[in-house]
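What follows is chain A paired twice: with chain B in the first complex and chain C in the second.
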Partner chain A sequence: MSELSNPVANAAVPGVNWNRKAKFQKRLFILLATVPMFAGYIVFTLYPNLLSVYYSLLNWDGIKEPVFVGLDNFGNLLKDEFVWRALRHNLILMGTVTPAVILISLILAYLIANKGYRFSSLFKVIFFFPNILSTVAISLLWAFVYDGSFGLLNAGLRLFGVDIGNYYWLGETGTAIWAIIPPSVWGAAGFYFVIFVNAMSTIPKSLYEAAILEGASHRIRLFNITVPLIMPIIRIAVLFLMLGVFKGFENILILTNGGPSGSTEVLGLYMFNIAFGSGIHNYGYASAIGMLLFIILVAAKLTIDRFTANRDSEF
Partner chain B sequence: MFQPARRWSAALICLIIVSMLAACTGNKENGSGSPEARATTSASASTEPSASSEASESDVYPENGLPKDEKVTLKFAYWENGSGREWIDYAIDTFTKRFPNVSFDTTYSPKIDTIIGTKISAGNDEDMFDIFSTLLPGGGPAMATSLAEAGKLEPQDDLWDHKAFDNEGKTLKEVQSGIYEGRTLILDKMYALPYGQSVTGLFYNKTLFEQNGWNQNPKTWGEFTELVDKIKAAGLIPISYPGKYPVYLGFTFGISQMFELAEINGNLEKFNDDYRNYKAPFYASPESVSLYDKVYELAKKKAFPDGVAALTHTQSQMQLLQGQAAMASTGEWVQNEMKDSIPDGFKWGFMLAPMGDNPESTKYYQIFAGGGHFIWANKPDLNKKWAKEFLAWLWNLDVQQLYAEKAGGLPIRSDFMNDAALVDKLQDAPKAVLEYMANNSVKGNSEARNKSLTDTNAEKARKLMEESVNEIASGKKEPLPTLQQAEDLLVKAIAAQQ
Partner chain C sequence: MQERRTFVDASWYVLLLIWSVSILFPLLWVFYESLKTNQEFFHDVWKLPTDLQWMNYGDAWTEYGIGSSMLNTVYYVGVSLIVGTFLTAINAYVLTRLEFKGKKLLWGVIMLSLFLPGINALVPQYILMRDLHLTNSLTGIVVLDSFSEIAFYLLMLSGFMQSLPKELEESGAIDGASIFQIFFKIILPLCTAGIVTVAIFKFLALYNNFLGPFIYLGDPDKYTIGVAMYQASQIMQYKADWVTLFAGLMITMIPLVLMYIFLQRNIMEGATLGAVKG
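Coming up: the complex of A and B.
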């Protein structure tokens, strides 16, 4: 008879009891540690998202009884020029904000991590500072920078002899969408700068010393040593940035409210206005747009995985 | 042997607590708790005032026959805006002193529409406010129409027959100062008794106009454009408005001006029917085309600021106060809202942009449903009765006086308006509005409709026009093609709804 098959006998053996007790305690600890968060995830994230899938099949204004319309909302979505216009704006922002943040954060992080400046700690605080401000604060700040009458930008240009009068950067369709980029980059770069600094600090200095001996410049060291070694982190950063740019619209809501003439409207804002805006609310159609956003984000994730796989190195 | 069982029990208890929390999010209250109990116990006293005949007279209030011994708490959502909250707090305070069994659970917020919208969407009648601001999500009348169609709002037409608390013998309709005709109706019923008037149009600095000898009361479109030319020649922006919220241009060049044009064209009745009942044409109607042509005409004269699309309402109103703009399209609340920024010597003036060529024609202005509060229909009868009593209380002269003095609003009682001493207590901007009304033939108009269009094409049409306003006002886009495009979308929406 094996040790484990005789419970009466095993009860008399202290080692077995402790082992069982330890296993039980371990399982209980895992349960207590994970269940609350998992339950919160189910209640506050998964359940609403699944409900949103259901809402996307309805015509519902939140007040009257919902009417099941099947895939009509998705059909309307495909024909809605406002959706495609908003998607274009999302792609413009994704194509500019993401590489700008990554590049700026990488360069700043490389300089701080490798140049050994005297006030590195201070620089870290300064670069990270925009990240502690709320989106509202950042947007209001930049709204004043772009103001035509009293804005910092026009005043700065005048200092350099460029007088464009009271030009409202956020009020013209040609410049508004591009004016969204600097506050987005300014607000996000600090966070990724800190992540990259910490990642770069784990790279052995011997690699750089060897490269210096070989005559490698800073540019070569950055792109041939540093970037490959922290590629997994860069990949995650790119993914988070893309997701954030696609989903986020708070800064646009405050800076331009989607204007002028819809030239800065993005999918998230369009969806928000359909659900909560000044016209008739249509939670069903807004949810359908949300589903489109979900599909786009999944596709973005798969694209990143496809094009950045096997690009990292180890040391 | 019992130890593992205890620990598993602890784990299960955690799971149960979480499950209960999850279940609570889907819990639909049907008023089965205390509100119904209150309704049940008070039903005999509240549904029929005469039903309390068996009770002694001291058990009910003489003003309204409602019971003194039934405690009621009214959940009240107040929009904290440029009017402040001093006047409403005074009204609540005096009301609860007079009727001590009634208490208020008040939520104040500048973003009360978001809070109201969330509670409406939650579908929990017990949690919903009893009385709430007419500022609903979106700010427009669309949601109110939907709520009325769904039977969620309590009609308040009976309040016109309510006796004034401080003018015995006279009903509210008998003491109103002319707002009855312009009251907001949805589906032919009134759902929010106004407590004040909100009038929008062009506000200007009288001092500036007097110094330059500009016409402060243009009576025709020709005189108005002449004024714009003179202001432009003086190097000022003739008309400022916050382009970030294009609805502000509609305060001066909006639905009411279309009604004015319809009256000029002899087409008022048809236009009114078409507008209220969502019948085509609307965007491409002669009135709408004429209005937007006028805006475009002003745009060609550079009447509106450069970069207007970027202006917030604060920036736009500051342009007026700082003398960069001669006029601002806004409402009478502007003085109270900007009171900390008004320079010395600034005197408020008001005018409406006349649409026609006849100096004697009636000028239309927008009356907003913002002057009033809704009552949630699915509440206990006693709550709704007390809610109505409170809304009638807001008509008391002392409340109206404070509303005029502290909130910068326009009262709605004729005995107030006919008392020079009381009128003198109004702030200058509302006084300017009254002065204009006294010197011109004017008529208030509501933008409410009798039905809602839920088809997405209706929303697309509205959005198309909203986005085009700034471009038309900047002279970058001619109005007619956009109006036609919007009309095509509206026709599709109307057809889909039928």
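Coming up: the complex of A and C.
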């Protein structure tokens, strides 16, 4: 180290001066790099997060003077049946989209990674494609598929002799929440598929050989060899998906905006419409719902993190 | 070790084909429906158009103001992308390869954001932007989004920067280069691959961002492409001009499809890079 730094010091004849200049430049460089970014980060991320705690204690429509109401918003929140209904929808979506995405992407990944089919790389490119599309594009596309009069789904059913007339899947309280699931799965599966393919391709082929000699089926190989070996990655994927589905509402905002009669309302969308919707705005109550989401999401993340850490140490 | 192909293998292959069709067919369908007349459109969902109505694309372009919303999108995405990527790159360098007081603290503060779900900050962020007079302004959302998702992209790039040999800076310093020259002339060029990955991800996130522009932009002439398409779909309840809407949807997807064709390898590699880190 000293051999290397000596020439630096001697590079310019008055070595001390040069060093001072270099030190000054380094400090300036660090300041110029970090100050704008941290200022922006503090102002636009940290400060609003802190503020959301305070706002949740206010009664405020954003125009008149805010009134401090303490924990009233949280009291109302517990009594608000719309909150509980929305929470139920959150749980339905989380409990269906997550396993569907994981199962589909695992099976597809296993087929691509282990079967040596032709056109494997083409399949990869196609499967990943929906992940680059915007939520608006995916949602509009699926709204077209579900449409009553010209939708692909009803037309497809008619091909199989099932004629349900102009049934609009997103417009009926009985089916709307279930119709939210396929677009979410369709849009997300490709991403996890690519992650699982890459994870599976690092498993040495020799691990499968004994199983093949004993005539183990692909189903047994997938669930008894592949899945346990990539379990850490599957767990992270499950965590990501669960939290993402739980807080996501953009797709529902575009597909149904919570309707018909609230049958697809989720917590995030409920909060969004109270704050930014067409009715009377209540920033305090919206922030209280935001805090509820915050608490659920952070608690879930901490719990799952701890749970996975313990499980990993057993190996 | 080669196994014999069986009937079972063939049936699994069908599964791959089905999933592919479920992705490609809806897109293809939107494309050929966008070339029909409205009468044909309602008459038979499956039939191909008899005459190709390319004028639907022109109609969509003018009716939905796609030209101006594309320009808005270029401005919003372009500036946020350049500013955001530069800030990420220079901070990744400072935070991984330079030693200074308070570095650990800075890392800690940034990593905190990985724990914040963000959804609870939507309302205060809006009030803040309103107080700063940054609502209903493209520059406003540029300012907001240049600073978003820092931690994720910093982690992505710092992995890259760590893998560069330490001697780079030392030999640069021997040659009398200042730290500014070292960063711009040595480090940045060597990190091109990593920076491209970060830029691709930022591009996709920004181009596809709906919620931010939807909350902050009120005037139709300031809409980005996503908001413009959403508003176009909302008026379909009152006027059933679906073929034009389909054409509009195709137009918004074209830039992404082109990018995907050229950069699919970077995109798929970057996706897993981010996932392993995140």
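Here is the rule we go by: the second predicted complex is superposed on the first by the 256 of 315 C-alpha atoms of A that agree within 3 Å, B and C clash if a C-alpha of one lies under 4 Å from a C-alpha of the other, contacts with A are read in each partner's own complex, and residues count from 1 in each chain.
Here is the rule we use: a contact is a pair of C-beta atoms (placed from the backbone, for glycine too) under 8 Å apart; a residue touches a chain by one contact, two chains touch by 3 or more.
As the structure is a prediction and not an experimental result, all values here were calculated from the model.
In the superposition on chain A, contact of A:V136 is made with chain C only, not with chain B. For chain A, the partner with contacts to more residues, out of chain B and chain C, is C.
Look at A:F307: by the touch rule set out above, it reaches neither chain B nor chain C.
Of the two partner chains, chain C is the only one that A:W186 touches; chain B does not reach it. Using the contact criterion defined above for the overlaid structures, shared-chain residue A:K115 touches chain C, although it does not reach chain B. Look at A:K26: by the touch rule set out above, it reaches chain C but stays clear of chain B. Look at A:F68: by the touch rule set out above, it reaches neither chain B nor chain C. Look at A:W178: by the touch rule set out above, it reaches neither chain B nor chain C. In the superposed model, A:P36 makes contact with both chain B and chain C. Once the two complexes are overlaid on the shared chain, A:F223 sits clear of chain B and of chain C alike. The interface of chain A with chain B overlaps its interface with chain C at residues 32, 36, 40, 43, 47, 62, 143, 149, 276. Only residues 4, 7-8, 11-12, 22, 25-27, 29-30, 32-34, 36-38, 40-41, 43-49, 51-52, 55, 62, 104, 107-108, 111-112, 115, 117, 123-137, 140-145, 149-152, 155, 186, 190-191, 194-195, 198, 205, 208-209, 212, 218, 236-237, 240, 243, 247, 250, 253-254, 268, 271-272, 275-276, 283, 286-287, 290-291, 293-294, 297-298, 301 of chain A touch chain C when the two sit together in their complex. Across the interface of their complex, chain A is touched by residues 4, 7-8, 10-11, 14-15, 18-19, 21-22, 25, 114, 117, 120-121, 137-140, 142-143, 146-147, 149-150, 152, 243-247, 306-312, 315, 324, 452-454, 456, 458-460, 462-463, 466-468, 470-471 of chain B. Put simply, chain C touches chain A in their complex at residues 1, 3, 8-9, 12-13, 15-16, 19-20, 22-24, 26-27, 29-30, 33, 41-42, 45-46, 87, 90-91, 93-95, 98, 100, 106, 109-110, 112-113, 115-128, 143-144, 146-148, 150, 170, 173-174, 176, 178-180, 183, 204, 207-211, 215, 226, 229-230, 233, 242, 245-246, 249, 252-253, 256, 259-260, 264, 267-268, 271-272, 275, 278. Of all residues in chain A, only 24, 28, 31-32, 35-36, 39-40, 42-43, 47, 59, 61-64, 76, 80, 82, 143, 146-149, 165-173, 176, 256-257, 259-262, 273-274, 276-282, 285 touch chain B in the complex they form.
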